[in-house]
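This is the structure I have questions about; it appears just below.
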Amino acid sequence: MTLGFGVVGTGAIGREHINRITNKLAGGKIVAVTDVNQESAKQTVDQFGLDAVIYPNDKVLIADENVDVVLVTSWGPAHEATVVAAVEAGKYVFCEKPLATTAEGCMRIVEAEMKHGKKLVQVGFMRRYDSGYVQLKQAIEEGFIGEPLIIHAAHRNPTVDPRYTTDMAVVDTLIHEIDVLHWLVNDDYKTVQVVFPKKTKNALEHLRDPQLFIIETKGGIVINVEVFVNCKYGYDIQCEVVGEEGIVKLPEPASISFRKEATLGTKILTDWKYRFMDAYDVEIQDFMDAIVKKGEPQGPDSWDGYIAAVTADACVKAQQTGEKEAITLQERPAFYRETTVCETV
Amino acid sequence: MTLGFGVVGTGAIGREHINRITNKLAGGKIVAVTDVNQESAKQTVDQFGLDAVIYPNDKVLIADENVDVVLVTSWGPAHEATVVAAVEAGKYVFCEKPLATTAEGCMRIVEAEMKHGKKLVQVGFMRRYDSGYVQLKQAIEEGFIGEPLIIHAAHRNPTVDPRYTTDMAVVDTLIHEIDVLHWLVNDDYKTVQVVFPKKTKNALEHLRDPQLFIIETKGGIVINVEVFVNCKYGYDIQCEVVGEEGIVKLPEPASISFRKEATLGTKILTDWKYRFMDAYDVEIQDFMDAIVKKGEPQGPDSWDGYIAAVTADACVKAQQTGEKEAITLQERPAFYRETTVCETV
Amino acid sequence: MTLGFGVVGTGAIGREHINRITNKLAGGKIVAVTDVNQESAKQTVDQFGLDAVIYPNDKVLIADENVDVVLVTSWGPAHEATVVAAVEAGKYVFCEKPLATTAEGCMRIVEAEMKHGKKLVQVGFMRRYDSGYVQLKQAIEEGFIGEPLIIHAAHRNPTVDPRYTTDMAVVDTLIHEIDVLHWLVNDDYKTVQVVFPKKTKNALEHLRDPQLFIIETKGGIVINVEVFVNCKYGYDIQCEVVGEEGIVKLPEPASISFRKEATLGTKILTDWKYRFMDAYDVEIQDFMDAIVKKGEPQGPDSWDGYIAAVTADACVKAQQTGEKEAITLQERPAFYRETTVCETV
Amino acid sequence: MTLGFGVVGTGAIGREHINRITNKLAGGKIVAVTDVNQESAKQTVDQFGLDAVIYPNDKVLIADENVDVVLVTSWGPAHEATVVAAVEAGKYVFCEKPLATTAEGCMRIVEAEMKHGKKLVQVGFMRRYDSGYVQLKQAIEEGFIGEPLIIHAAHRNPTVDPRYTTDMAVVDTLIHEIDVLHWLVNDDYKTVQVVFPKKTKNALEHLRDPQLFIIETKGGIVINVEVFVNCKYGYDIQCEVVGEEGIVKLPEPASISFRKEATLGTKILTDWKYRFMDAYDVEIQDFMDAIVKKGEPQGPDSWDGYIAAVTADACVKAQQTGEKEAITLQERPAFYRETTVCETV
């Protein structure tokens, strides 16, 4: 069985997924595309030699019976409407982050999906498919470090676009930690506080950088995340979980070591694209396999999208107030129970 | 375009490739299978739900016009005949090692292929597709360490089957270093000497273990390879290249680090299957992509199979004589020029 | 010239310093000892074969004209009186932490020393003499990482005595970070906040463990210190300084690596005594050398003892209130200017 | 008790030991010096403010009754005569390598010492006091890796003096591995073979560099040592011991790690002086302590000096012949039994 994908949004990330599905993974085929810029849609079809219908908008694309899955890679503010429409049509959805730009929007998707009665939606939080995070989760679930107590994490970029603003440290950067860390420890967030260290001279006037987020979970785990988007030296993702019996830590990406010019070293990535490249492949393959084998996706779901939205709102508020802010989630419906690593990967 | 694969040999490695092509990679489809054990062929078709014809032997399978590629995963002694027949029929071939069990057999394949006039055959030396080796080769070709002078390598298994004999340290184990190291430094082997250290108590009576191979290339590089197949602690592949300006070394496989019970550590693999799992995927995807895009495979070719056979013969002789033995290759035909990493990966 | 040491307090740490001065370092000699337990003093003289007078108390020991240096290794609450008396007698002092048990006590020593007109006192904060911290400070002072912005630190013990209480995480454990970190970045502390993660089941009822201290400096550096005294796996000191241009981090203590039983690892120390053993030697040798060559000790001074006391008070208060507490130091007298690593080591 | 040292030879290494004994260690005092260059002897006394007699030659220095220990740091060819004279006078001797420039010379010292009836002589092979090698030896003796089977070692210098010749790779460089490795595994050498890889362009015309030494012990251990004295990147000492149950390896020297400019690294030393600086201190302190406490030195002895001389001769011969050469030692007298790590350190 080959899954027919209809792609909504043929920008950079859209084309990467199209390439992945077409040329690297098994079981999927792009059968339809659309973009608010129709020229982009056409170019994409040409670029990849697709045998796909070009539609004028998402509505008609969703209605195509050859479309089993709607791949939402449009502009963030457009996600909600497309996802809701697809769900109402009973189509599977792979939606790049954010699921919706507001918690309310996410909740409307949650409600549509529950009304439909089956999970259809997966959100593009790829870190859950990174081998390092998977190993961390397995170690934690096997009790290797006992109960987790503290997480030390860092998300560092060498530099950012001049338009990057202080709140984007939450919605574009921290958002990945927001998703992956609650999954990692199978817990919900309770509060967040932001501390601003001395600002690096390498950040533009309008940007607070670095920032430290101190997040507490309902279970009492304290999570420190350093976000530093002008760290200069590289793209670097760190995550260390301190437990009652020991500590586990993400590996550095595998890279040859060298001895040269009085240095014993390895290269650090500078481009974020390479850090989770394998994870993107695994993510989409798993999404397709789960649909075929289990009838519904097993990855980050609409409720995870809602958690991300609520948590991001609280983090931005905490940036502004300097106070400890509550992260107030509605009660998790039974429909969206937490899955464990063994089911997911 | 989807490549039709005809599989000759449905044992363990055959089924792994079938799974890979069917469920993980893009562009290939199993259209035919055969095995000397017809029951195994049938079980395989069932196991993977293949839409494939079951043939009584390789000859008729090769003749099927839907078969674009013959995947040779039968018993080693059967390889040569299947590969020659496939080449004569103008079919592409992916042949697991060995290409043939003798240098003469390899040479017959070489001649068949040259007669056909186009490269059709790739041998299953997957290490060239391992990210670590690729990084090593890129570093060397970019001149990062200047001219390579020495290679220190090790190939260690935790334990081996009781039937594993001293010469199998060459033909089953060292064979991977034999292939990957000449490719790594783009040089040909000249001599080999074997030194036997004190034998481990963990090896059976009939087996010399560990063994040290000292190989010199025509260019003067000295390669030390430790083969130790009862090392107990894990499956461990080491490769360090010492050059005029510095040293580069394979990374350890990426694995979470831990702090527990007075140890700071990472896990070492114990099962060889996991060490090059990604490399197998990349290998087959590259094989398919190269056929589609370039009209011929770009990986290890028949000449590499011949090099492996000649070198293995000399290594076994050196085990027996204790002397430095010559590795005497025929002149490389222009048809089989060395490819560089940039073309290969 | 040989410095005559009079030792006040012949418990464990006193005897270690006596051994060091007598059997490992150059330039010092134990000439007098005293202890509230006179029997302990006598045993010590016997144990090390000392040619030393046993005095009934610190006052008469200080008065001995052969005593150039008073080594204060008595019970903490006794330190202040001995140090003040020694300073008033114009004797050099090496005082184990704490300099005094209160900020006011430290300030009385500061005033006595300033009145005397020359620096006489060094406090036993040995980490400044650890090779790793010295390398960190040199790197920072050379501008290798630009301006420091954040410090991530951890102080972990495998377990603690049942009498260890929550505030001892400050006065016995964090106290070393308190001293070494302001020295490292040449800055003063401004505020501290304490966050209590979920408590480990391995801590006794009365103890909050682990604890996180978030300290801000006047210059805006944010320091995270995890104190975890029942971490079980080992004695582990971590310190990473994030700067504008890069990061530097303490090395793990040099230890052979091993490959065994599917683990690539190194041992982690479990006994704190071994972690800074070399630093203790360097500390005392430097103290003696500085007196002989420069006329006054160059290590942590009375003002550093005062900083430690004030900071510790604020940290304990922050443990109790859960609020961000001010660390309010009096203005640093010119008499106690910060020294740099180049002068110290 | 303070040991009186008479120093024969006040060049660079002599002055370093004088400084060490005078200013860093406990229990020794320089009471006499001599040098063929009397001016150098006088300058040394002045430089360190020594209270020491300047003698015209080694004979009269040895005769001084205040001289308990003769420290031999003169020119290599002069060592033998001084050591024999000192031994005949019943004085302790610390002699820098070589003990004598020929195996016969070493044997004459051995005989003089046996005639005297007590071990008096220690040879300056400091690596046995390096913390890393001590840990390796402890691990081996505790059976941590089972029986040792193979040693992989490397001795690399960034560059050498233009006068450095091919045989100096043995007598000045490999000599340290020659001493430390037989001690490490408590075994004797049997044969040696030399393989010359392609020469680095960074070596002068007259020098073969790098070189590989393959040494077999009587017990069957195979030792590979790479000597590469123009490796450019740093001074780097590697030693890995492969045993039946696992592997142990020297640690890299402890150095802060950094993340900067896309590199995760640590510094490699470039000056050999810093690599074993601590070992030199431990070596001399242990030498003094052993004399005082045990009546005779416990470090590398005259027999070890003899082993080094015989082995070096065979290695140089193997460089010239390209053949496997025998290392033929006389039978070890009971007087010189091997000591274990527990007795030594």
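The first chain written gets the first letter, and so on, giving A, B, C and D; residue counts start at 1 in each chain.
Throughout what follows, contacts are C-beta pairs under 8 Å (C-beta built on N, C-alpha and C of every residue); 3 or more make two chains touch, one makes a residue touch a chain.
Note that the structure is predicted; figures quoted are calculated from it, not measured.
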Does B-C or C-D have more contacting C-beta pairs? C-D
Farthest chain from chain A, going by the mean of C-alpha atoms per chain? D
Indicate the whole-number Å distance between the mean C-alpha point of chain B and the mean C-alpha point of chain D. 45
What whole-Å value do you get for the distance between chain B and chain C if each is reduced to the mean of its CA atoms? 58
Centre-to-centre distance between chain D and chain C (centres being mean Cα positions), rounded to whole Å: 37
Mind pulling the chain C residues that touch 2 or more other chains? 232-233, 245-247, 252, 259-261, 266
List of chain D residues in touch with chain A within their complex: 232-234, 236, 252, 259-270
Considering the complex alone, what residue numbers of chain C touch chain D? 21-27, 131-132, 135-136, 139, 144-145, 245-261, 266, 278, 285, 289
Under the stated contact criterion, what part of chain D meets chain B in this complex? 146-147, 149-150, 152, 195-202, 210, 212, 214, 216, 219-222, 224, 226, 228, 231-233, 242, 244-247
